[in-house]
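Two complexes follow with subunit A in common, the first pairing it with subunit B and the second with subunit C.
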Partner chain A sequence: MSKKRTTNDLPMESSSTTGAARTDGAASGGSSTATRGNPARRPRWKQPLATGVAAALLILLPLLLTPFHQDLATRIVILALLAMSLDLIYGYAGMISLGHAAFFGAGGYTVGMLMVDGGVTNFWVGMAVSVLVASVVAAIVGFVALRTRGIYFILVTFAMGQMIYSLAQQWDVLQTSGAEAVVGIAPPEVSPLVIQWTSLNMYYFTLVVAGVAALVLYLLVSSRYGLVLRGIRENQQRMSALGYNTWLYQYSAFIAAGAIAGVAGVLFAYYSGIMAPANVGIAQSGLIVLMIIIGGVGRLWGGVIGAVVVELAGFLADQYAPDHKNLVLGALFVVALVVLRAIAITGKKRASRRRSEEGAHVHA
Partner chain B sequence: MFTLEGVSLRYGGVRAVNDVSLTFETGARVALIGPNGAGKSSLLSLMGGQTRSTSGLIRLGERDITTLGPYRRANLGITRSFQITNLMEGLTAREQAELACMTPGRRGWVRARGNQDSKQRAESLLADWGVPERTWDVRPESLSYGQQRSLELALAMARSPKVLLLDEPNVGLTGQENTALVRRIAGLDPKITVVLVAHDMDMVFGFAERVIVMARGKVAVDGSPEEVRKNQLVADIYFGTGGEASK
Partner chain C sequence: MSVLALEAVASGYGATPVLRGVDFNIEAGSVVALLGRNGMGKTTCMSTIAGVVPVTSGKISFNGADITSESAIQRSRRGIGLVPETRQVFASCTVREHLTMAARNGPRGEGRWTLDRLFETFRVLGDRSAALGTQLSGGEQQMLAIARALSSNPDLLLLDEPSEGLAPSVVLEIAEVLRELVRSNEHGAIVLVEQNVELALSVATRVLVMSTGQIVFDGSRDEFVEARDVQEKYIGVG
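Right, the complex of A and B next:
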């Protein structure tokens, strides 16, 4: 052992020993070790296959549903996008925000008011302005919140989210409709297309827009930008010592996540026809966090799974125990936190035991 | 040339670094020693920009970098390793090396241009620094301690620094790993200024052309290894009678 170890740790006489270390690696079957230890080296066909199956389900399944259930599917798609946008900052950049619904609300309220009070029915205009507003709100919240870290960051996002929530509650003074909610939002004109707004078409419209937004998120997290974010999540001090402006990366991710949440908010306004303060508040923000914890933090499709689970649970609770919906969701939250955390920990232990065996293998 | 002029660092009433003035010539090999709490790591953090000095001036060449944060200094060529192995636990060695090889611009932001080959550069960095290829795609926790230190040094060296600050790089290494590390440091590009904090005297005297002894936040002795070795004050400070020696 000691001999090999020397070879590994002594390749300071550059070329010759490096060569030795490499041969050494090949000799002890290093590549298979690496394959087992590394999630990035899974068989290449698995991910495209899973994506294909998921896409087929998303496209075909609603054809079999009643309009009532198609609406539920639309809602799930929207919330999945919202959860994925939070995962960009939570799972990838390591910032837990409890005010994320505020950007969702900013998008939804803006498009609703543009339509109801301003008569703007064009989708492109409504979407552009609303996403801009959501980004600006995120830029303001993020600027303040990023002066803090850890628990203080969570509290600042929570407090600012609640400020926006109470703003939404008092919005009636500025509004012609005179209610705290924006009501009477209609599906948009998506020029040059002419869409018959059935439940099914609303679903497909939502799916396409959310799909584009999700693709943007995917490109972000799988690029160098995403790698830098993950580095910052793991070790901010180290990343700044490597020359990265960690603040700028976190801030930009916060704004990007806010913008995508704004897209989800716009879709939600079109879909439900109403934006209410409840869509903006801590309850909504908490549900998004719940979704990505259930579905898995730090992988975008986790948000989709979480949205399916949470929304289905909410839907079933509505059906069978309408008076106890929050009780059901609360219980789900507790179970998710306790059980999934336990699984996560034991899973990690198992993985690290496996890794340490591999480690022993590596050092042997 | 790296210059500190009257640099101090105060935490509340405590002066962790007290009015230190030092000049490091380009290519100098300097060891920073002293008892625990003497201010060695604090001084290194002031140089690397992890901590901002409460007074004094810090210069790289002619440029005043006193108020520049760590990423700005890193992009000027001041890089460091940390006392506790400070890797990115959730990332593979390959990913970490790629992060170290990408070159953020002045604003600390990576652009696509000029970074297309960062993957290849990462691989040659890992190979050059003796991180075994079969560990490139596993997380750092499954590397041996020595390999982790190698990786950390590799990250610090990825962008050919001008000034390399090493905080106790040999802590926890086996004898062989230590020897290897000393050889590796000795083999660095002679144009790189290396400042190394160490407790291990063999390492210090094996490496340094100049030894700075710190005590209570001040420079107590500054000279060649020979001078420092013979210095009675150093012996006193170092072997436990620090209180009397610094009076």
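Right, the complex of A and C next:
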């Protein structure tokens, strides 16, 4: 009887192939033609070096900042995680959602209400319940939205996001002290640790939690699961013909992204002390889309770059043109789309030319 | 033993019928060429067998099981592998990722087509394992599409126009790959849709000719070679 073969039996470096998509070039030993111009084939030392530099910056830079700027850094970390979570479904699974802030809000509102109304200050309980609620909201929205495709999917996520926004605006349960928001959210008790909540400690706490969530995302997209999601993004019908239940993959990715957005929402609630309808609305969802478009779709760290650019632009606009912040962000969006589209077209032309040359070379 | 059986199968796109009562059986170990002019329903026939186009009437059996109402996903898991006419190679995935993504044990749990064996059979893919789909030439993309289908270890391989749009020298390479597949075809079956009659006859043992959604000739390769009238009337050669 033949032995049951599994993915692990395949003669590869590891089953984590998607991550290797951008790094396995040096390890795989391809031909010289494959090496030329292949973005997958970058020197082996580059990614660890970049990761090391980024980690050092994330850990050390806040030590040099004022508390005000440390708060800004905390906000950037949270929004970077939120953007990364959207990239799981947009960049990897090919679904553009305009209601992603709803899950961010579900997490933030839940932890806020637990603390303000229920007196639950424990981080672990608050996080677990909030992520569960965000996942359930994502499961409901995804179940409805994934009955559609393309522009209809975008519109359904937009509509459902707006419904949740209206709920946050009008439902008394989601408001405290007569305000149209949940206010008075305090930093949590992270037993067994005893944390003195300074701006710097809030930053490091946020960085650790967001780092763990980002690692989960990385493991997801680096696995065969992530590879299948990319295949679905490329051609859903082909993936079905290869035997994959594409709906289930997309649905599970939608819920996972919602859960991670919920983590970001919880962190935001602790950081800001308030959850307001504006945090779950279309403007927030649009900003997240803008972040991953600017940073690069389909690569998790693109969300980090996008969050840094968008938040710094917003911060500078607040400083120097406070009345025109939305104008600045709108202009940034337009410029980013025009420039990135031009880059994409140039890249496609270059790839097409290279393919022709290589084809001629191979078959000469 | 019959791997695939179509009984009065009709299918089409919306209100437009394409297949109009197609009947044929395919035995294990056989290599069947499905020939015909453009627009006669060959690609629709392949897509219908693979479950991409729904059956409107009739019955499809695969390895003895009625799969008429099954989805493309279920049919793929049963062991039907389709190499589509358009190749549908993924732009952002490397060669290795394409093959890893599709890798699955066959319907009886066997894994004949390992990554090693695929790279041995398709040497150019082994050389370019880190290249992205869009960085491959047309011939390489075709080989990748075939290898991707094989990596799911199908019992039935459906090849739709593998030589279409390729330079003559590349067609020769593809032909050699097909012959290698035929040589190594342990217990499955291959259906080959091909405009290049010469290529098709160089690998097939049996020929089906399709015209206006129906099978109008079903015979051995030798019988087809003798049937000049069929070739002239339905293929345009002879």
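As a working rule, the second predicted complex is superposed on the first by the 328 of 364 C-alpha atoms of A that agree within 3 Å, B and C clash if a C-alpha of one lies under 4 Å from a C-alpha of the other, contacts with A are read in each partner's own complex, and residues count from 1 in each chain.
Note that a residue touches a chain if its C-beta (ideal position, glycine included) is under 8 Å from a C-beta of that chain, and two chains touch if they have at least 3 such contacts.
For clarity, every value in this text was computed on a predicted model and none was experimentally measured.
Novice: Let me test your reading of the model: by the given contact rule, A:His324 touches which partner, first (subunit B), second (subunit C), both or neither?
Specialist: neither
Novice: Which holds for A:Arg230: it touches subunit B only (first), subunit C only (second), both, or neither?
Specialist: both
Novice: Subunit A residues touched by both subunit B and subunit C?
Specialist: 2, 5, 9-12, 17-18, 21, 24-25, 28, 30-31, 33-35, 37-38, 40-41, 224, 227-228, 230-231, 233-235, 237-238, 240-245, 352, 355, 358-359, 362-363
Novice: Going by the contact rule set out above, which residues of subunit B touch subunit A in the complex?
Specialist: 48, 50, 69-71, 74-75, 79-80, 82, 86-92, 95-96, 98-100, 102-104, 107-110, 112, 115, 118, 127-130, 132-139, 141-144, 146-147, 150, 155-156, 158-159, 176-177, 179-180, 183-184, 187
Novice: Help me check something: in the complex, which residues belonging to subunit C touch subunit A?
Specialist: Residue positions touching the partner: 50-52, 71-73, 76-77, 82, 84, 88, 90-94, 96-97, 100-105, 108-111, 114-116, 124, 127-132, 134-140, 148, 152, 167, 169-170.
Novice: So in the complex, the part of subunit A that touches subunit B is made up of which residues?
Specialist: Spelled out, the residues of subunit A in touch with subunit B are 2, 5-6, 8-14, 17-18, 21-22, 24-26, 28, 30-31, 33-35, 37-38, 40-41, 224-225, 227-228, 230-231, 233-235, 237-246, 248-249, 352, 355-356, 358-359, 362-363.
Novice: Using the touch definition from the top, list the residues of subunit A that touch subunit C in their complex.
Specialist: Residue positions touching the partner: 2-5, 7, 9-12, 15, 17-18, 20-21, 24-25, 28-31, 33-35, 37-41, 224, 227-228, 230-231, 233-235, 237-238, 240-245, 298, 351-352, 354-355, 358-359, 362-363.
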